[in-house]
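Letters A, B, C and D name the chains as they come in the text, with residue numbers starting at 1 for each one.
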């Protein structure tokens, strides 16, 4: 939808202002002994996966208001992600959802991915909905179900997802379980855990040796009394039982009120158990808003832990899989995703400009106010020029969302795909 | 589905145990100077409205698992409610949802209602979803919308709901607004409030002189940053601005974590502003679980405030409209509703056996432990015989849920209406 | 303060009503195939430890309102606990707090304990306050402190606590750490964890071979940004690292809003890692209210998990240490403790009358409404006669709080110890 | 402690960097059609009151770790505030707490205030603690107490506070009530409200005609079941009943989890009922942390509502009283207060650089992503040069906290006042 030439034109028109801002910022940062080039390189190498299930309008149980021009099949979804990546060059990965996005023609999908320089990162199973023709229902759970046949159906589904993933060259399986209970007494907690653990262990055995398995936790919704995997502790235990390549996935919206998420992130890195991330924004629960839209300081603090651990040679945790998991109820999904990627990179950049040795010094001295000064100084610095520079150097656009709007992409998508096209997904 | 004769048979078979329990309890209560007969009379006169939108399986944004045999139209919904009321003789009222349950043939609906001795209590408007063929979308709000045409469409819809209600002899209009915003900056708070207030005032003008208007509040969902009517204070202000017959509706699931709901209830009674109640159970948010399933002591404490205010001659607040508002994701909806009605009546009965003058004495003396003893003594007393006796005296069944199950009602409904019949609603 | 004879007289006067209630209940339970005698035996064998720090009036940072007659030393505290145990025969254990209750004369304390048939259960260290003359301050942490000298001081303190415990024949060390941070950046999360783990491992090495070490978690307060041990997952990891006899301690008030505590309890039993319990009541946070005063159904659900696990032969978890940990800001502490013990035993009794095989059946069948019926039936049954019978059979009083009040104990304590005597503690 | 000359020297040494940053920012803002000079003027005219009770180390119920050099009397407190104001020229107001800071010699206090160019802004009553020699205890409430004598004592205390305030030329009375209950049943909700309202009305009658009365709300702590004034709705009702000059005071830490505070602020401005503000930072509850330390975006959003309402000619609400209310458990209180004032001014400056007409346009168009861009653009802009320029123009220091540290103020205070001097307060 947007040509490289248009991007070049845009960048030229914005070049002067950008270079003025970048120069100013570079001066500021150099006074803090911060190597601007290195930071830009780090931002450039940061890749975020786009969820195939979030390219259409999302909804709540109260309704869904379609925007039109939504991708009607996997190929169109890939095109949408390609467009995003063309603009920001930072989102060339795809989280694929099965069965919503079962590839029909694998070679053609692979060549489409190749053409757009995209990769499938993680494949996601779905045992929280019944699909037409499905033999057993997941109404009362899947991997935790009291009946063996249901558990086996769910295990087989996960194995199929792995098979699709192998064909598409994915590198991880993400398991999010809606399993749980709505009422006290409904579920035997220990039994449900044990059955879930057995099921996961079976799935793990089918995992290719270079894959990881990401086990997500969530305290509530769609079950409103208990979830089988409500917290990081349970994800940890299940992962440990499954094997070395099973790790915990942190979704920013999957926590009880007031949870200190950054500390959980630090713990998991410390234990070598942080497998991946689902980014989104949250005010109340699993709101699935734009990343950084509600609590940008928290996002920065999370990245501060990540950046700190990633530069620490004692920490063996591999770089986690970065993924967006959001729902776009009131915005154009593509605009939302551009905003999310930008917010993530800004938070990462802020974390990278933290004067780390000074921070460590103040932490060791218990200089509380001083440590806060270091953190706030990084956060208050306008680091956007670093992110823009990374976009620019990689061939993207200085302001992805601006060009997207100016080029009237959504209107053209609607024209092309129709007002009522609807994407599969949440 | 269940004949009076079957109920009689059931009651006969359970009569001995019931009368033994009732006698024991009566002795216990008489020692506390509590008039058992009066309490049974009060329980008998308590009527709860069943929501027309909750007779089918409910869902979350993640899925919906139908149970089968769901009512496919208003007539079948009325039959389901009639069955419930036949069993417990306490739920002969209906909260009707428009447009989900627009009556096709009014006279025939009226005669069906009469036949079953049912009444429409409140009519509920819906401006949180777009209906097919609707001119303007509610994607960005309804009564608060920035565009006049949308607001007017929503006002007209509410007026139509009133018209339907008048024909069906309803007595109140319930307004729940999903209006709000998902992101900081999206909505001008003061402007949205002012437009909402104007719209409500216009609707109020169309209200029949013997109706009340019930204004519901909710802090979040389906909007996840702000709701135009998030708390009782806002409902109060909007009601005051509309007129004397506008009052606040409290839904048990519409509060932030840890809210002391019973105190809000007491305040609203004190201000003569409590119009109605939506009962349900909640652990995390608007979970819409069975009433009393999660926090029965809180339910008792709420009824304690209601019972206390209703017996206080200084309090002018009319008896609020009692309504269930729940969603049945994992249970048979009819079983859930029977459990909810029973839980409500039990909580009411517990509140009625509070030794009130003793409580007042202890409150005046700041005898904290003593006041707790009084409250716990009432709550720990097994008051179920009082509720069963009320069922019995009114011609219902001693154990509504037990007979419902024994008679295999759901299986017969599925046989009659089909496995895949689906009710409109949430 | 209360003679055995007075108790006998009280029991005689209340005997008729008690036996009438017990007979009625026994009939009811026998129809459910429940062995009443066995249950009474189980209640009789349940022993709860009283915290030495909660025998005086508690306070908040806003103030403290003394009640008078508070125990001024360990001997008087032992006498208060002896009185409680005389009345309910269920609280003959003591949680001892060091340095608040350092025993002066060990042999005399031991003989006093023996005289009253009391035992010290757990000893609790305190590194959250600075004591007069203390070399290093805990302002910035203790076991997690950045400075080795401070950590060592805290380790030595814990070792001293163990020494006192050995002399007093205690069986466990309870470690609650206030360590944490108030501001983002103040503390290096991974470093703080590692130092804490090292410190705990050192303390563990000094643990007698028949002791357990109980590691408590708490999400916030007194630190308001992060706590080093915020959740069960962290307690678990620290325990695992320390050794087999280190286990997790669950305090009911130490959870984020809406936490499903009963599930955590089930998990820990499943993992053989539940070491102990701190009972109290909570509406908002670590409110330290009377157990069962706010959410009695939750307390029942917790006991349901405990009872279920304790009867499951696959579960190897030893019986956890039961302890009260509360603060009495507005009640007579002794009345509060009597209410707490009673509420705990009631919840336990309710859990014991759950028709467990029926529940399991319904869980296996995913009969959600049926499972709820089983749970609610147990909870709604008035089981107080079982608890009273247990008191009676053990030589206690049918109604401990009633006799305490009738005998005017507090007034006599004030007369004896003075209006302004104050107990050490929180 | 710091001479004007030292400030000048500091400013000179930092002038070049400051003017470089300011120039860059001015260019940026001018491109957005923002009048930098006007904004600097607005920041210059913003005055924040410092609480007399927060100049010493604060504590929790678990302990207090003194920093030393704390002001031992009102005169020393005034000197501390004078120092702060010398540095930032924005905190020349004092919130005075009675009885902690009863002025001994009024004329001398007045002349000290004058010398330092300080003003008493609001006087705060304290009926949450018992003072030595006090006749009646506030253990069970003050203005809400069941006994008339206690209420009258509390009313008289408030009247005395007004008298002190008049002498010190204060302009408002702040009433925060700890009144409430710890247990269900303890307090009769309606009765407690009525008595509180009567008491407040009586106090209001003694209010000088040019004063306002600020009524604070708080959902919990120090009472843990209910507070008599838990929410803005209750403050509103009490204020309305008292009279025109009674208004609501919003304390940022006094809300339930996830509350949208900025919307409450907008509502209160809309209703002409926002009297004042207590700034602080909060993660869990009334944590009383440094303002802006936890959720700086929320602080910005609150200021966005304030700035929007203050520039709206339809809004008649007078400028609210801005006050800090925090507790300094782990930091040097003076450093904390400097950080808080700076954070407040930064948030205000961010709100002032919001492109308001563009925002309104996007709000009217329901351009959700566009509105977010406007908000984030303002927040992400580094506006610190504007705040520094305001300090500079008013004669303060470019970096108050930096000079405070470099001049070693705390060490000198400790030398002067001693290591163990302790300030009255929380």
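Throughout what follows, a residue touches a chain if its C-beta (ideal position, glycine included) is under 8 Å from a C-beta of that chain, and two chains touch if they have at least 3 such contacts.
Because the structure is a prediction, the values reported are computed rather than measured.
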- Message: By that same contact rule, can you tell me which chains touch chain B and chain C alike?
- Response: A, D
- The chain pair with the larger count of contacting C-beta pairs, comparing A-D against C-D, is C-D
- Round to the nearest whole Å and give the separation of the Cα centres of chain C and chain D. 40
- Note on the structure: When centres are defined as mean Cα positions, the distance from chain B to chain D in whole Å is 42
- Query: When you check chain C against every other chain, which residues touch at least two of them?
  - Reply: 139-140, 181-184, 186, 219-220, 225, 257-258, 260, 283-284, 290, 293-294, 297, 330-331, 368, 372
- Note: in the complex, chain D contacts chain B through residues 139-140, 146, 181-191, 193-194, 219-220, 225-226, 230-234, 236-237, 256-260, 262-263, 266-267, 269-271, 297, 301, 304-305, 308-309, 312, 315, 359-360, 362-366, 368, 371-372, 374-375
- Query: chain B touches which residues of chain C in the complex?
  - Reply: 17, 20-21, 24, 27-28, 31, 257-258, 260, 283-284, 290, 292-298, 330-332, 335-336, 339, 343, 346, 368-370, 372-373, 376, 379-382, 384, 401, 405
- Item | Residue ranges of chain D touching chain C (in the complex, touch as defined) | 58-63, 65, 128-130, 137-140, 178, 181-184, 186, 219-222, 224-225, 257, 282-285, 287-290, 293-294, 327, 329-331, 426
